[in-house]
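Same chain, two partners: chain A is paired with chain B first, then with chain C.
On to the complex of A and B.
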């Protein structure tokens, strides 16, 4: 049909539409670097919405993430976050949170210390930065406010009673209420995304607010599963607080959940308007490393497209997103075939106890980079002068157990963009 | 809490459950205890093959004949737990010609119906079999659902004689006086509380642990060899029939179909410690390497999980230590020579022969109690209970669709298990109790058995249980953690290909979203190491 592939030329190709990829896109646009970003739905969709910087060290909660980051090099030599100065991490994190805030999801910026945020099980976790829609929850926990947690008929996998039961010892003024969500209260399974979209309509908000008011009693605060809108959560949240008359907060829920969906939809819709060339729902299938550029091929309905990029940022994530693949014989990087640092054999990938606080060795596997975050070949030489990597694909970290996912993605994206900027002369 | 009964049976595997029902049919009320739950030993970790006897025909005619006879009885009395799919013995190029040549005669000697088949005919009906096949025989192998067997036997014993099953109750010692056991000292393994159980007769059916239980009563005549076996479950049914490799038994040489999946196994390794039994990646690889010689598709099939069990094999005094050569037969110890008049141990044997083991034990115990009722398990059908068909794939889904109640949300999407099934298990399944662990619900239903291996449904079921008021505190989270940790043992050795993203998502959910790595097994904030 179309034998000649179409060609796009750009300063930088960003491969991956997770937090690292989008953070890189934000930073590139800030610096006037022309960027093409390519990717499909990945792990971002599942996120709780909290932006972690560094929350835990082998199961121990960290109060001061900055001090812990400064010490990280000693306990985790080669950890990507240990290779970045505090100023870079702070700057990247602040700038990204600010950019997201401008798009309609404000984050309480990370402070000097971590905060305790709420989990749907009725446990707390240590994190760094909380979306505004969830912020009142951390405050309510810290101040032990009289709070009522509301859940909905037909919502499976979130139980206000579970939350209240498990927090009871820690948080005496907590109670639960089970109510029907307007028009979804017939008993059939009710999905968070459907509720969230419904709440973007004012009439639904008013009806839900009336039902919530009926159960608030003398509580000072109301907690809900995360359903306060997909596209304009801050607006929906503010409107609901006004209608109910007390502070309201969201609690993350299991997939299919709203917080990650929100971030993805928002970024996908708003970034192109700011100058990003975004090719969403497509995967790069082919790479050609040339002396002066890197070509990425992908296919759409009309045939092959080649992105000719002077530089590139690989932010393809791990197994869930498809950046890495596990074969019976070993781990592989899927797009370029980069060397993957990994345990000796499959028997060493995981520990016997899945909840071992030391984490699984496989979590630390990944792509090895130099101080500019350029992937290295087997001889320790950069694979290509213009190729950088960022985010969860990097070796030497365990973002799940350390609770450093967002921090890792954002800070390493910043450093990768530094390299891109140097190469592009900006 | 303390209990009294005519008979205390120790060990809730097929053997102990079979004894409980055998006695109940004679009008004798028993209490059955297990330190874990039903089928937490070999009965929950086996191949589910109802042996025709073909497997043992070449080495042990007596065991082979026993398997044949017992298989026929079970097909008549418990058809609901059996799929009489038939079996094949197939040899491939390079297999021992002498073994192949003798096979039919050895089967005949044990009375096993064994028909030679043309190889191309076999490959037409079972296309998964290798084109390198050189000989094939058909035998009346079948498959059996051990979970259904145990649950229905316990339920029937309750119906017949008000017999009782107590989960998480471990015997830790016996009070012995004047040549008789007066009481069994037990411990609730969940709460740590002590329990005393008094009975007139005591039966040790603790499988691989029977040697340890016998020693608690001062008896050193029971000697079992522990042979660990690992199996792996493929996510498709590759063959209609059971396929055995026609050779001296070795690793990965039996493929057993079960519903929509296939079980490949097994390995056989002698182990010295019973408490760290988990399948390893190396054992899985061994099974696949050997299995794919006969069924080449196994080299690239997707595997859902692996599991391991320990065969309790009886050692003749002075015998050597090879698991595959040790006898598959069983022995009933009356312990009279050890100076006890009301204690018996039943050890060894197979799933296939459990009924006969229960019969022999029942005969001894009944005689000792002065009960003259004959054994009736060979003829009395095992009632098929609606409630235990929850363990049957597809059963919950069918009743759910039939009921058309939208408020009855599906909690487990892989296996279509609705709230009402979980509620029913909590209310009336054998061994149900007010604060039921997720693991116990899993044993009695399809929860956790689908492709997600419980990583999603555990969250949904736990929330439902909190909503119902089943849990009053953090213990519910501890039990979810325990359930997931147990499922993980099975998925870990098969984490490659499409299983790895699933596992990664599970870890991020269970740690990142739920915080289960931050608490201990009781749900309390964990003490970091």
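On to the complex of A and C.
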């Protein structure tokens, strides 16, 4: 319809709509930096909802993430989180958790130590900041409260019996109940998302609460798979606690799960309302590094669009989100063609033992950056003065194994926005 | 309904390689299930989007070629919207529909497409150009007679060089012509230079849903030719969701040459309100009646995107008051299809359509709103039917109704979709 490309000018283009991209967007809005963010659905939806700071290293869980971060430089030279002062990490992490709360999902602020939070399989993991709807679960585990875990006929991705069986040795007061969810109890496969939407309806909450009350017995609290609403979960959670009469907590389920949907839908709705220009259905397909700006091109239903940005933050993730691609000849950064730090050859990507506690070299691959988090070329020179990178695409970390995905995304986004702010004069 | 012996087994892998968006392929499917989790057709006919893709990967082409599930998928594209790998099941479903023998396709969709082929109207309800001209003339005459403020209103047809070519869903001329009057009134109110065409005036396009590419092309071609012939600058799609998609997509798909821009009437509602040409506000809503909004997939997710969602909300909030507006969740581009699209309403599969629509019903109920606003006839009909089926206490209303209500120009007999609470509000003095 429009033969000429439409042009959008902005202070910063944020490329990627995962946690790092949205964290960067939050920090940009905080500082009054005009931001355009673009990307298609990414890995954010797969999250448990927990914000990990640093939960695991060299085969051991970490109780004190701050001490572990201070020691990180010695064991992981070049780790992005080891290159940032504690004050930056702490400020970024606290601000992001607070911002998510302001936007509509309350989080327990990160504390001095990690918490042991529940996983759907009946295990616990060390993490830093968890949604309020899940907080009572960590407390129930810590205090070994008499708890009944409830699951639903036909529910995909969570079994109360499995949860209780795996926790049996550690948590004696635990029992399970298997009940039907209103209107979804015919035995057919049912997704948590459908239940969560249904619980946003008052009448469904009342019907489910009656069924839960019937199985509470002498339990002090009730654990449910995470289905307490997608939109405004804190309201649904509070309403259900009132109807059932005991504290309730949520346990994340296997993907496709509600906690990730909550975050994605919240950010996609609430951030544009606060001034972010979000292009949520498109990936950048073309980049032009110009002396004084960086252009990103994409195509929508009406033709070509070019974002002319004074600066940019590359937050395109690693393999799952498409920031890197693994090819026969090696790993490649997909958008700009940045150099990728990687093992010498395919034979070095993985160790022989899949479960080797040291992890696999391929999972430390990524883009090398300077202290301002600007990607470097083969000569160690910033590729562009206004180009920054954040999140999982950065080299020198193994966020999955280290349980540091949120910390990495948020703290490096903060640092990248520092650079953007300097260049934007804000 | 089933196809026991489909005429040709589809090679879905080859189709996917050809039709899936650039950069996405079966190979990248993680089997995570986000598509199925977010798809209201999941579980109907024993299938869901994830199973569809997994079966295709396994080469179960014969089963997929014949599954009736493709007629419960409304091709709303929500699977692609949530898929990290951008795998779009709807295009595969569209292709599968095209390969079904015509006699096995849902008769209602085929019949609607055939009706469109009967005359230059392209009307799925079989309204001929002559009938359309007569109905418009009669209804306009009644309006001039009934309401002295519109005693001189013109409703142009085939006006050469008019700025806007306005289309019309056939439901109004065929079944409820008085529902055209609010549209005409507000076009008159803003002083729009507009016309209908006796050719290509109809909005709907069931040939797209029946999987008949040649007929889809013929319908869009006729409409493009009609607008070109009148020399109009902008084709305005009135309150009909898929009409917009079927035109722009058809133009792109079939390489047609429109000499005009296309726009949704919603875009102009927003523009006219901002310009002060439609001086509406929510003063009439003294009772604080709550409204929610249905984003038609075909208009928002599949066509204009967030810009349309923003305009819809701007118009709705201006009309009913910000404090009386409650978004259903999810919404905007993430909204669920209501189950009225894709020809589902015409396909005669009522039980499945109601099951599909349960999510929409829950979404609406969660808002606790009294009214649902939507600029789409299929959404309108489906959500009304869901209210009847599941016992909902809400009504569905067009934007043009509320705009005229707010302007104080909505006649007493133009309130079919309003409840008793609004029958007397803002009546013309």
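Simple rule for what comes next: the second predicted complex is superposed on the first by the 424 of 426 C-alpha atoms of A that agree within 3 Å, B and C clash if a C-alpha of one lies under 4 Å from a C-alpha of the other, contacts with A are read in each partner's own complex, and residues count from 1 in each chain.
One rule holds in what follows: contacts are C-beta pairs under 8 Å (C-beta built on N, C-alpha and C of every residue); 3 or more make two chains touch, one makes a residue touch a chain.
On a predicted model such as this, the values are computed, not experimentally measured, just so you know.
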Partner chain in contact with A:310 - chain B first, chain C second, else both or neither: neither
Which superposed partner A:231 touches (first chain B, second chain C, both, neither): second
First (chain B), second (chain C), both or neither touched by A:278: second
Which superposed partner A:191 touches (first chain B, second chain C, both, neither): second
Which superposed partner A:320 touches (first chain B, second chain C, both, neither): both
Comparison of chain B and chain C by chain A residues contacted: B
Partner chain in contact with A:79 - chain B first, chain C second, else both or neither: neither
First, second, both or neither for A:59, with chain B first and chain C second: first
Touching partner for A:145 - first (chain B), second (chain C), both, neither: neither
Partner chain(s) touched by A:183 [first = chain B, second = chain C, both, neither]: second
Those residues of chain A which chain B touches in one complex and chain C touches in the other: 43, 46, 156, 188-189, 255, 320, 322
Of all residues in chain A, those that touch chain B in their complex: 43, 46, 48, 56, 58-61, 119-125, 154, 156-159, 161-162, 165-166, 168-169, 178, 186-189, 252, 254-255, 318-320, 322, 325-328, 345-347, 349-350, 352-355, 357-358, 360, 400-401, 403, 405
Touching residues (chain side chain B, partner chain A) in the complex: 278, 280-282, 285, 405-407, 409-411, 456, 459-460, 462-464, 466-467, 469, 471-474, 476-477, 481, 484-485, 488-489, 492, 495-497, 500-501, 503-505, 507-519, 523, 526, 528-529
List of chain A residues in touch with chain C within their complex: 1, 40-43, 45-46, 156, 183, 188-189, 191-194, 197-198, 200-204, 230-232, 255-256, 261, 265, 268-269, 272, 278, 280-281, 283, 285, 300-301, 320-322
Chain C residues within the chain A interface of the complex: 22-23, 30, 32-34, 36-38, 42-43, 81-84, 86, 248, 261-262, 301, 303-306, 329-334, 358-359, 362-363, 365-366, 368
